[in-house]
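Chains here go by letter, A, B, C and D, matching the order in which they are written, and residues are numbered from 1 within each.
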Amino acid sequence: MSYATQKLAEEKVFKDPVHRYIHVRDQVIWDLVNSREVQRLRRIKQLGTSYLVFHGAEHSRFNHSLGVYEIVRRISDDIFHGRPEWDEGERLVVLCAALLHDLGHGPFSHSFEKVFALDHEEFTRKILLGDTEVNKILLKVSENFPMKVAEVIAKTYSNKQVVSLISSQIDADRMDYLQRDAYYTGVSYGHFDMERILRVMRPLDDQVVIKSSGMHAVEDYIMSRYQMYWQVYFHPVARSAEVILRKILQRAKELSERGYKFEQPPTHFLSFFDQSFTLKEYLALDEGVLMTYFQLWMTERDLILADLCDRFVNRHLFQYVDFDPGKDYKKLGELAELFRSAGIDPEYYLIDDSTSDLPYDFYRPGEEEERLPIHLLMPNGDIKELSRLSQIVDAISGKRRTDYKLYFPAELLIDGKKTAIKHKILEMLREGGV
Amino acid sequence: MSYATQKLAEEKVFKDPVHRYIHVRDQVIWDLVNSREVQRLRRIKQLGTSYLVFHGAEHSRFNHSLGVYEIVRRISDDIFHGRPEWDEGERLVVLCAALLHDLGHGPFSHSFEKVFALDHEEFTRKILLGDTEVNKILLKVSENFPMKVAEVIAKTYSNKQVVSLISSQIDADRMDYLQRDAYYTGVSYGHFDMERILRVMRPLDDQVVIKSSGMHAVEDYIMSRYQMYWQVYFHPVARSAEVILRKILQRAKELSERGYKFEQPPTHFLSFFDQSFTLKEYLALDEGVLMTYFQLWMTERDLILADLCDRFVNRHLFQYVDFDPGKDYKKLGELAELFRSAGIDPEYYLIDDSTSDLPYDFYRPGEEEERLPIHLLMPNGDIKELSRLSQIVDAISGKRRTDYKLYFPAELLIDGKKTAIKHKILEMLREGGV
Amino acid sequence: MSYATQKLAEEKVFKDPVHRYIHVRDQVIWDLVNSREVQRLRRIKQLGTSYLVFHGAEHSRFNHSLGVYEIVRRISDDIFHGRPEWDEGERLVVLCAALLHDLGHGPFSHSFEKVFALDHEEFTRKILLGDTEVNKILLKVSENFPMKVAEVIAKTYSNKQVVSLISSQIDADRMDYLQRDAYYTGVSYGHFDMERILRVMRPLDDQVVIKSSGMHAVEDYIMSRYQMYWQVYFHPVARSAEVILRKILQRAKELSERGYKFEQPPTHFLSFFDQSFTLKEYLALDEGVLMTYFQLWMTERDLILADLCDRFVNRHLFQYVDFDPGKDYKKLGELAELFRSAGIDPEYYLIDDSTSDLPYDFYRPGEEEERLPIHLLMPNGDIKELSRLSQIVDAISGKRRTDYKLYFPAELLIDGKKTAIKHKILEMLREGGV
Amino acid sequence: MSYATQKLAEEKVFKDPVHRYIHVRDQVIWDLVNSREVQRLRRIKQLGTSYLVFHGAEHSRFNHSLGVYEIVRRISDDIFHGRPEWDEGERLVVLCAALLHDLGHGPFSHSFEKVFALDHEEFTRKILLGDTEVNKILLKVSENFPMKVAEVIAKTYSNKQVVSLISSQIDADRMDYLQRDAYYTGVSYGHFDMERILRVMRPLDDQVVIKSSGMHAVEDYIMSRYQMYWQVYFHPVARSAEVILRKILQRAKELSERGYKFEQPPTHFLSFFDQSFTLKEYLALDEGVLMTYFQLWMTERDLILADLCDRFVNRHLFQYVDFDPGKDYKKLGELAELFRSAGIDPEYYLIDDSTSDLPYDFYRPGEEEERLPIHLLMPNGDIKELSRLSQIVDAISGKRRTDYKLYFPAELLIDGKKTAIKHKILEMLREGGV
């Protein structure tokens, strides 16, 4: 028997609070789960800084990766299996892609990538194709297997059904994280009838469609997604922590470039500051390592670095007000000036942050980010785009909503020094505030 | 208004997956939650190494501390409030004790304490009474308030009703962790009708009793506890990770004492090796820091330290067989000898580990660990001990159950070197095994 | 102590799967629950014929009435209590109105009312004010108390906050039934964060408003309502059973008027046929009584009555096709003609049925059914109507959606008799069909 | 294709709150579900009078029958399928037996059987083999198929694995009802990890065994059963309603035998009074019919019948005290005498009732009711009886617990008539009471 088809003597199961059990029969999957690159995902939180608002959200990307794998396994083995439109030969590649799709995420991914101009998808690819345990395992399947998995994740794979299961507007990735993040945060959003959706998914030509009888379950899924984005993922307090995190990394980089003598040198970061890092160095970073540095830096002589680290570690976050970038643009400049006068560096202490979401979109060819629409399969065999049938989805389709906030350290503005200037600052902030 | 009775302008709520919401009205509680010593509990997992078996169990002691607080708040404000047997003046001290009862836990508490001969309860006391933010907050209530909280946690407090809510055989601590650990692991044990139990708790003389109409809910709670211990807390694979963790710390200590030159010196640990550490040094340790060291030590020259760290970080755990300390005692010596002959140090690679539990016990005066029994309040006002009324509880009452396992690195025994000796070892292990 | 303020010696609790426990302290409430008119609600299903599609939906209106009471009790005692805008004197009247709001429902309410031109709200009023146990209990509170409760339910009560809790676009009635019906049917819609909504409800002037921080929970509630209507309440198969039920009652009335000699005479119904019934006769009817008649009538000589009863009792329902009343109006006439030619009475076997819903509406003064909008209370004290702030709610606001179906007995059209005509009928139905 | 193997064009699913979905592919199963004898189970409550205590428990035996079918379907198709020890040829018979196992239950089964000396298992057999729709469907499979199904339900079928799935100490029947009754009542008992148990069930020789790795899930199941019996099934208030129900039927029979002229004659019951009833008459009875009679009888001239019916319909139940049949036997005679003196007929108003349970038992050959024990399959292939391995199960194994209660109408004893005698009665009851 070839490695690709080799089964474990006995099925292994993982107890999972979201899917109850995760089932593994394939030797390849078992080996991948046990690889160091997949185990590393245990040290990276699924929701970054959200645990500072939703204390239950301490779950890791390892959790989520197993969950996406399980959903794809169920689609492949229980729903698509035996259907003439589905190519059974794609089973292993789609299972591997599901398990490995988030492999390249770094610690506090979002902020880390922003400061060092990285892209986690590029790292997923590097881990799949580079000198790693994961690569060795995939190579045992066949010489071009690592590349096939990489292509699925990069959405360039030839079989678009396979791509669609991993990345589309209704893919296993989203179906897992919405439910999982709802479970761990404890919010009542994020629930939808996934079992119903899976039962009505069908492989068809170059896509995966949904039988129209499942339309309401899909509507519910889109609404869950909408609610989770605004209630959890974009929570302004978690963003406050993200802002501070970015500023810590930016400050450490700036100090390093300036030749500042760290008491606790940023050894792990040096190659990131000058973009010379290796894959091994990338993989050596995780959230425990970052937090260890931040704790040590709380006593650095540089007061900005020390203060920002203390804020992050001990959760003394910035406060925020709403902010209209059109209207308030000039005011932002004035505020920065006042901050400087008050002896507070606006580069690190007056930060505007925006976030936006497009809950669902139909196909807009030629646009920057082409999103494949959700297609419904009608009883008569016709295909219709979701927003044409669903009033609710139509209502939010293609409508991007953006939220702007201005972050600042409230306590520093009422500490009794330079009170006149600070009074003026507070007044200006209050005007624009909620 | 005094600090002790000061209320927040608006009630704060934390979304909690177990209790739905955690409610804070008291300024003292709010300040404690925001103290650095309480925030530190976010960096220590509630279940130590269990997440290596139950991947969902990544929740921190911070979670649990809030949960215990919320249960005690509900008992105090909804159940006991207004009852003549309850002293309202104890409200704040019992809420603080609930929130702070686990404050002294270190990283991977169990193993850490074992290797360095520490006791987390002693550290809870030191944090309450020492130079900490928590102490400063408690002092603002009154001069002897830190000591009162410490006494509640140490079970020496004069009001035994208060002690009983925090530590007894049916306390808020246990009620929270059973439900919480069940939630995060996803196991179906750990559920019981807490709302029912709370409703029938009554303060009475020097204890908290349960109205007998709630007996079955209490039985269910005892059974949950029993199942959680054997299914989750004592899981042999999590214990395998614990064993490795202890051996890492033991090896590092040994190497340090021997004068071994570390490439990555154990700076944070030095004062623990010689027992000279300060409270500040103790608080500087968390699981991220430990994991950072373990990752760095994976490339130390000392092969034992490097191997053990690799095992822990990348989850290459020891295998195990059942072991009867009475019968197999001699065999253990022979095995150790054979390990040595095979070039494997038995001190680090052949480890016997035992764990045991007493699911419930009635009062046995004069014994080492005196456990207060659960008392039921009969309709006629009589008090009866639980195991007298419950057949099921009686059946397991006072019966300690112990599990012995022998841990070893299975792969090293089939690596093709010294095969004759290793063959013999495997044979001996198999005989004693499951 | 007056009867109005009399408390039970010990709080009574009902175990409830939706709200966990329902708490009763007031003697008045306890007496009402034990009255025969409230107990009668156990014999009337909350969802009428829906159990023929969702087999779990066998719960009664008694269940729901307790649930609405519990929600209002929590609002009154936990949320509004002590707020200056809330009149504590309204507590008992709003609790009673909550418990009693559905008192007048008859068996399979919807169909029964349609055939006999009744209105359950009128019967609620008659029960409250007539010669009943409920009336006697309410009278013990005060002479005008029965009328006060009746006015709340009729929405004519002077205190509009009280009315709003029982009937508005976000009232306790809807909050209970959405959750309860979701629970018993097992569908995954119908869930929303009620605890959050309750926490942000505020009495204000002549209404109950929602703090804007709870807007997303309200959005989720509106979406739940939308989904429950289309997935559960308007399910075409449950409507098929409703159609048959109406036709049974219509046939029995027609036969009675024609002087048909029933083998099992419609004793209980006679006074309904000629509208001469008393309140006592109304209260004597329940779903067990109706089903008993239907079973007996399965062997009546009148074949239409016998067949319809057999269909209802043994769940041999009509099939259906979509139907456009504008376009297909003429076709309906032709079909009826063809049915007659085929020997099938279209009056009883070709039935068009429509249903429609307005998921949310803002205020449209002067319109037939004035709906009070949901108002949000902004942080600055302003009041804004929900659809102005919520994109999703705005999208569905004021948009009535109607579904038309044509019901017919599919088996009778393929029974091998008059095949040419029936073939033509089937062809016409198929054209208009799904 | 034969009828036995005929599949539906498309799988049908029922939404089920306990198992999420119930899946039907077989034409035979679909036809059985739609038969009038199976549909009749919708009119018989799963838990008889329990809804008078747990208002949520209004679910029917139809619900439960589908649930048992679904569990057996999963065992057959997902767990046993393909195992050499399992005979695939048994699939259809075990599915049918699962769906039909409760077919013979009458209205309020327990009481009805007691009064008329009936046995629902005998009626299940009669329905399977008599002139019914179910019989016609089964006959289409093969001539001896109805008998095979009957034998499985009677436990006389040759393949003991098949029998074991339907009736043993861990069968699909119990696994469904424990979970289902817990769901509808809302109690927190009744939960166990069924998915785990199913995964470790194995066909082996003439039984179904459980892999020992699932022992703790089985322990949890046994404990759930124990709790459900004492908390729900044997609830003294539901038994009060059962007692009244029995006395209504007994009174109606007595009156009928005495030649009493009923205003509303017991037409449906006459053939039961003299044991001359047909299967058709048996099937014509359901709980709606009984309740209809009880309502009509509330105004009969016979005051005992009228009072008992009023009590049942309007839930004015008897009160109860504990009762020790050994010790209090003589007292019972004295009490009956006093009742008579007080003008209250003890035959109808002073009723002793007992109930008992044996939560688990090992095999006791030769005893009246032989119970097959639960056998665990050890890793080495050995078979061990559950109570030998489980301390908890051992503790309750074979221990029958019985509860005795004495029921009486409390209000009649304080109505101001014959006060001296009644005072004495109350005193005697109180002595023996809780």
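Keep in mind that, in the parts below, a contact is a pair of C-beta atoms (placed from the backbone, for glycine too) under 8 Å apart; a residue touches a chain by one contact, two chains touch by 3 or more.
Going by UniProt, the chains are A, B, C, D = HD domain-containing protein.
All values reported here derive from a predicted model rather than from experimental measurement.
Novice: In terms of CA centroid distance, which chain is the most far removed from subunit B?
Specialist: So the farthest one, by centre of C-alpha atoms, is C.
Novice: By the contact definition above, name the pair with the higher C-beta contact count: A-D or A-B.
Specialist: Answer to which pair has more contacts is A-B.
Novice: From the C-alpha centre of subunit A to that of subunit D, how far is it in Å?
Specialist: 52
Novice: Which whole number of Å gives the spacing of the CA centres of subunit A and subunit B?
Specialist: 32
Novice: Enumerate the residues of subunit A that touch no fewer than two other chains.
Specialist: 20, 187 - these are the residues of subunit A that touch more than one other chain.
Novice: Using the touch definition up top, name the residues of subunit B that touch subunit C in the complex.
Specialist: 13, 20-21, 195, 199
Novice: Given the complex with subunit C, which residues does subunit A contribute to the contact?
Specialist: Those in contact with subunit C are residues 187-189, 191-193, 196, 216-217, 219-220, 223, 226-227, 230-231, 379, 391-392, 394-396, 399, 401, 434.
Novice: What does subunit B use to touch subunit A in their complex?
Specialist: Within the complex, subunit B contacts subunit A at residues 14-18, 20, 34, 36, 39, 42-43, 51, 54-56, 58-60, 62-63, 66, 183-187, 284, 286-289, 291-292, 295, 313-316.
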